[in-house]
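Order of writing sets the labels: A, B, C and D. Residues in every chain begin at 1.
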Amino acid sequence: MTTPEMIHRSEAAVSVELQTPDMTLNLGPQHPSTHGVLRLIAKVDGERVRDVEPVIGYMHRGYEKLSEVRTYAQITALVNRIDWVSGFANEVPFILGVERLTGIEAPPRAQYIRMILTELARISSHLVFISSYPLELGATTPLMHALREREYVLELIEEVTGGRFHPNFNRVGGIKPNYGGGSTTKKQSMDLPAGFFQRASEAMDRMDKICDDIDQLVTGNELIKMRTVDVGVIPAAKALEYGLTGPNLRASGVAYDLRKIENYLPYDDIDFDIAVREGGDCFDRYMVRLQEIRQSARIVRQAIEKIPTGPLQAKVPRVLKVPKGQVYSRAENPKGEFGYYIVSEGGKMPYRLKIRSTSFSNLTILPWVLKDELIPDLVAIMGSLDFVLGDVDR
Amino acid sequence: MNFWLELVIKLVAVLLTVLTGALVVIYAELKAGSHMQSRIGPYNAGGRWGWAQPLADGLKFLQKEDLAPAEADRAVYGFAPYVVMMSTIAVFVVIPFGPDLWAADLDLGAYFLLAISSISVLGILMAGWASANKYSLVGGLRAAAQLIAYELPLVLAVVAVVIQAGTMSLNGIVEAQADTWFTIGTFEVSAPFLVRGQVIGFVIFMIAAVAELSRIPFDMPIAESELTMGYLTEYSGIRFTMFFLGEYASMIALSAIAATLFLGGYALPGIPDSLANFAGPGVLLGKVAILIFFFIWIRWTWPRLREDQLQRLAWHWLIPLALVNIAVISIFKVAF
Amino acid sequence: MSKQIAFPFPGLFKGMWVTLKTMFKKAPVTMYPKEQEIPVPRARGVISLDVDNCTVCMLCARECPDWCIYIEGHKEMQPSAKPGGKPRARATLDRFDIDYSLCMYCGICVEVCPFDALYWSPEYEYSEHDVSNLLHNKGKLTEWLATVPDAPSLESR
Amino acid sequence: MSDQPESAVSTDAEAPEAVPLEAYASELADRLGAEGFTVEFDTVRIHVSPDRWVETINAAREDLELFSWLSAIDWSKEVEVGDPVDDVDALEERFEVLCRLSSVENADGAIFVATLPRDEPSIASLVPTIAGAEWHEREAHEMFGIDFEGNTNLAPLYLPDDFIGNPLLKSYPLISREVKPWPGDVDVESIPEPDEEPGDES
């Protein structure tokens, strides 16, 4: 079908005869394709984008500054708002960082619960991508089908944590304490509610089914392939130079997954594969995420089989003292490597908190990858990077 | 009958058909589309199943302020929706709903139909240019390129039908399809052109029709995720309603044309001629409904193409294929 | 899944089959004002206050990251429980306001309360036309107490 | 599921590597000719002289391929918001520019640190060799006022064009915390002494 050479050849023939001035097309900050307040100033020559300058910061909330006036417990509530479609996964690296500073280690059951919820957050984040990406290409129905299934995942998260998007469930050395019903319950942690395993495995079956449906509806669709295959190719070297991580990097053939490398939660008990594809185009980025939903469902299934019994909270002093030190703690978020560089000076609040948010780094490649693409491909490529503006602007 | 009375009756009939038809199709799209998406669609307006939703939407649009950008070319901007609407309504004039149920039976019916429906390109270009908006401009130009590219396969597909029928009158084409194809013993078999070797022509016509309608997968002119709403970006209120109704009316028009040319129009094998005038509209509407459902179905299933892919599809595939189709049909026409 | 495009475009028609199947299934829709979903017991809907348990210790107001809890109180002398004992000072709550337009539902106040005066209720229907009405005072917070559910039973393993 | 072996859960995989981590850091620092290194809490920090900043990082990218992030720390005695440093008197006021590189093969990775003076901080830009550093440098520029020589586009990234100040400096106040009094500051009135109670006076 269409090869890039064909486009370029036909273009070359035209541009010899017609020299037209470039037009500046402003996309955003309110624009249907930017799902958030991203603004692109694109210099277009007809349909071809000659140059693009992303403008961000419309949603800058200054989390790094706010974190300097908040205690560690308060920051946990804050950070799950950075990338709101996978709120739980944002908390994990932060709490692991504080645990590393204080030398407290969460008990195995708490770690398993963290792992289950992280994977549920990953599924929900990828389902948002699976739903919104075809929408940018014009297909409206996968949106509703994927969001319908995401609801089952969010219900699971809410059932355990009490919040659909902002769980605020991790505590240093364990998970959130119970409250209400007398002071004794407060000393216990919020364990999984009855029937959770049953409902979780049912929901995971649904995830497999929706993946099959999406395969039929989207993946196999020739029009989708025409729009995404060989579009927006990012070679591995470029991806590394721009700091791309997560599915965007794995689609370029680099098997970089912190779940395997860093082993920050009991992932080595679980048998799962890293989804890697070689092409680095939009279709591969889409496919990696679709495969990761299946892998995450696999992880959740195994985790609910293997989850150990035991305490949920390690012994933590009543007044938590975080010693002086600097730690970089990172974890594999649905969108890639999410890290916190915590500088503690021994106070109640961190002296400085650098948030290495994934979408910000993933978005730095936009000017490079969008250069000399068509306007429809601009939308396709931008969507395939799967960013959340809250994660970009912090 | 008095000429003027007849004219008024015909005009009112056509207008009513177009407008109520468009409202019904809008409702069908809302309802079918939402069920395909696991939603329930309109529910509250009008009591049962939200049947009044299109009416309510229409009323809402009428109340909206009719905005025009400061830089817009007011006259052209204001006139554009009516050009689109007019070209759509004029198509209905020649479509026969029964042996005697037509507004005008032109000898050059098929020709008139193609000519008048391509006027809508003008309206869209006017809208895109006069809006003084870059999205509108790009959308308008995309629409122009697309409509002109797909006008050709559409015309060529019709040419094959005209050759087979031997007439350009739409009534004549329907009658040609109702005529005996061959006989088995004393049993006379008649069949629409679709069955009589126009499969390729029908497929080309339908693809081109979707492109003419600027519906998914060919909705680049209004591609929401790229151009917000293309040439419609700046329109609001009554003028937007015109475009909106026009889109759905032309969906009916193209379906009716396809039904007339390829599916036997008002004729259905087995319905005697004496009943044709009564059953005709129903038969035609049934066929139109099937085709419209097809349009709705693919709109809620497929993504959109890219502009260059769309052009390539037209020029590299559809037009050569349509020419081959004409040649084959002509050979068969002469040989048999 | 291969990137190749096969000629008769089977993918297009498989997709149409999926949408057609969906069309004849019942839509999983809750018609909100008529039907209501029952939120899970742990849902963080609104914070309710048990005035009797509050000792005006100010912990919640101090730990709140958004500074959206306003407390005022005074101390009263109360006769001792034992006859002949010294009268005790007891803190009485005058004002307890939570500004839900600022609250970010983190639940830290409920967690730090040492005397079980604050509870989460899953109620969610308290939207207002005027943002100032989102400041719930002591009386309103107490009303929510009736809607606090029992904690869910836990998974057996 | 109590028969599940507890030992299967190994969360702190780096703990046994604590000694190798220091060996790794010293080997890396030696190879790159860095000024020194620290390893604390499994975080490797390689101290680099600002003059050799670009050179060192490019050399390190041979096996630490992934450019992860770039940022800065403001070490300041004057602290407008948040907790001050542990030992204010001993603090040497400075900026630290940090750049994290990671390996994509294993858990290796290091944070490269260059120390800059607090007045007119300036360092060579990484953009000519690592294009992805552009936005990170722009962010550090607007948030801390650090100049990156060679980065031609240091326009504000997050902040409005007419914004004055560098918000992440420790001396920059957080307005939202200043316009509103802390509600936790109110205390219940002190317990009145028994002899001062109104009834007893008369």
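Keep this in mind: a contact is a pair of C-beta atoms (placed from the backbone, for glycine too) under 8 Å apart; a residue touches a chain by one contact, two chains touch by 3 or more.
Keep in mind the model is a prediction, meaning the values are calculated, not measured.
Engineer: Counting C-beta pairs in contact, does C-D beat A-D or the other way around?
Structural biologist: Output for the comparison: A-D.
Engineer: Where the centres are mean C-alpha positions, what is the separation of subunit C from subunit D, in Å?
Structural biologist: 35
Engineer: Between subunit A and subunit D, what's the gap in Å when you average each chain's C-alpha atoms?
Structural biologist: That pair's centroid distance is 23 Å.
Engineer: Distance-wise, how many Å sit between the C-alpha centres of subunit A and subunit B, to the nearest whole number?
Structural biologist: Computed from C-alpha means, the inter-chain centre distance equals 44 Å.
Engineer: Cα centroid separation between subunit A and subunit C, in whole Å?
Structural biologist: That gives a centre separation of 26 Å.
Engineer: Residues of subunit B touching 2+ other chains?
Structural biologist: Residues 36-39, 300-302 of subunit B touch two or more partner chains.
Engineer: Two or more other chains in contact with one residue: find those residues in subunit D.
Structural biologist: Expected reply: 1-2.
Engineer: When you check subunit A against every other chain, which residues touch at least two of them?
Structural biologist: Within subunit A, residues 141, 145, 148, 217, 221, 223-224, 226, 307, 309 contact more than one other chain.
Engineer: Hey, which chains are touching each other here?
Structural biologist: According to the stated criterion, the contacting chain pairs are A-B, A-C, A-D, B-C, C-D.
Engineer: Which residues, counting only subunit B, touch subunit A once they are in their complex?
Structural biologist: 33, 36-39, 134-135, 138, 216-217, 219-220, 223-228, 300-309, 312
Engineer: Quick one: which bits of subunit C touch subunit D in the complex? Just the residue numbers, please.
Structural biologist: 56, 58, 61-64, 67-75, 77, 87, 89, 91, 157
Engineer: Note which residues of subunit D are touching subunit A in the complex, please.
Structural biologist: Result: residues 1-2, 4, 6, 8-13, 40-43, 45, 65-69, 71, 73-74, 81-86, 98, 100, 102, 104, 106-107, 109, 111, 130-132, 134-136, 143, 156-160, 167-168, 170, 172, 174, 177 of subunit D touch subunit A.
Engineer: Give every residue of subunit C touching subunit B within the complex, in rising order.
Structural biologist: Contacts found on subunit C: 12, 15-16, 18-20, 22-25, 27-29, 31.
Engineer: Any idea which subunit B residues touch subunit C in the complex?
Structural biologist: 32, 34-40, 43, 297-298, 300-302
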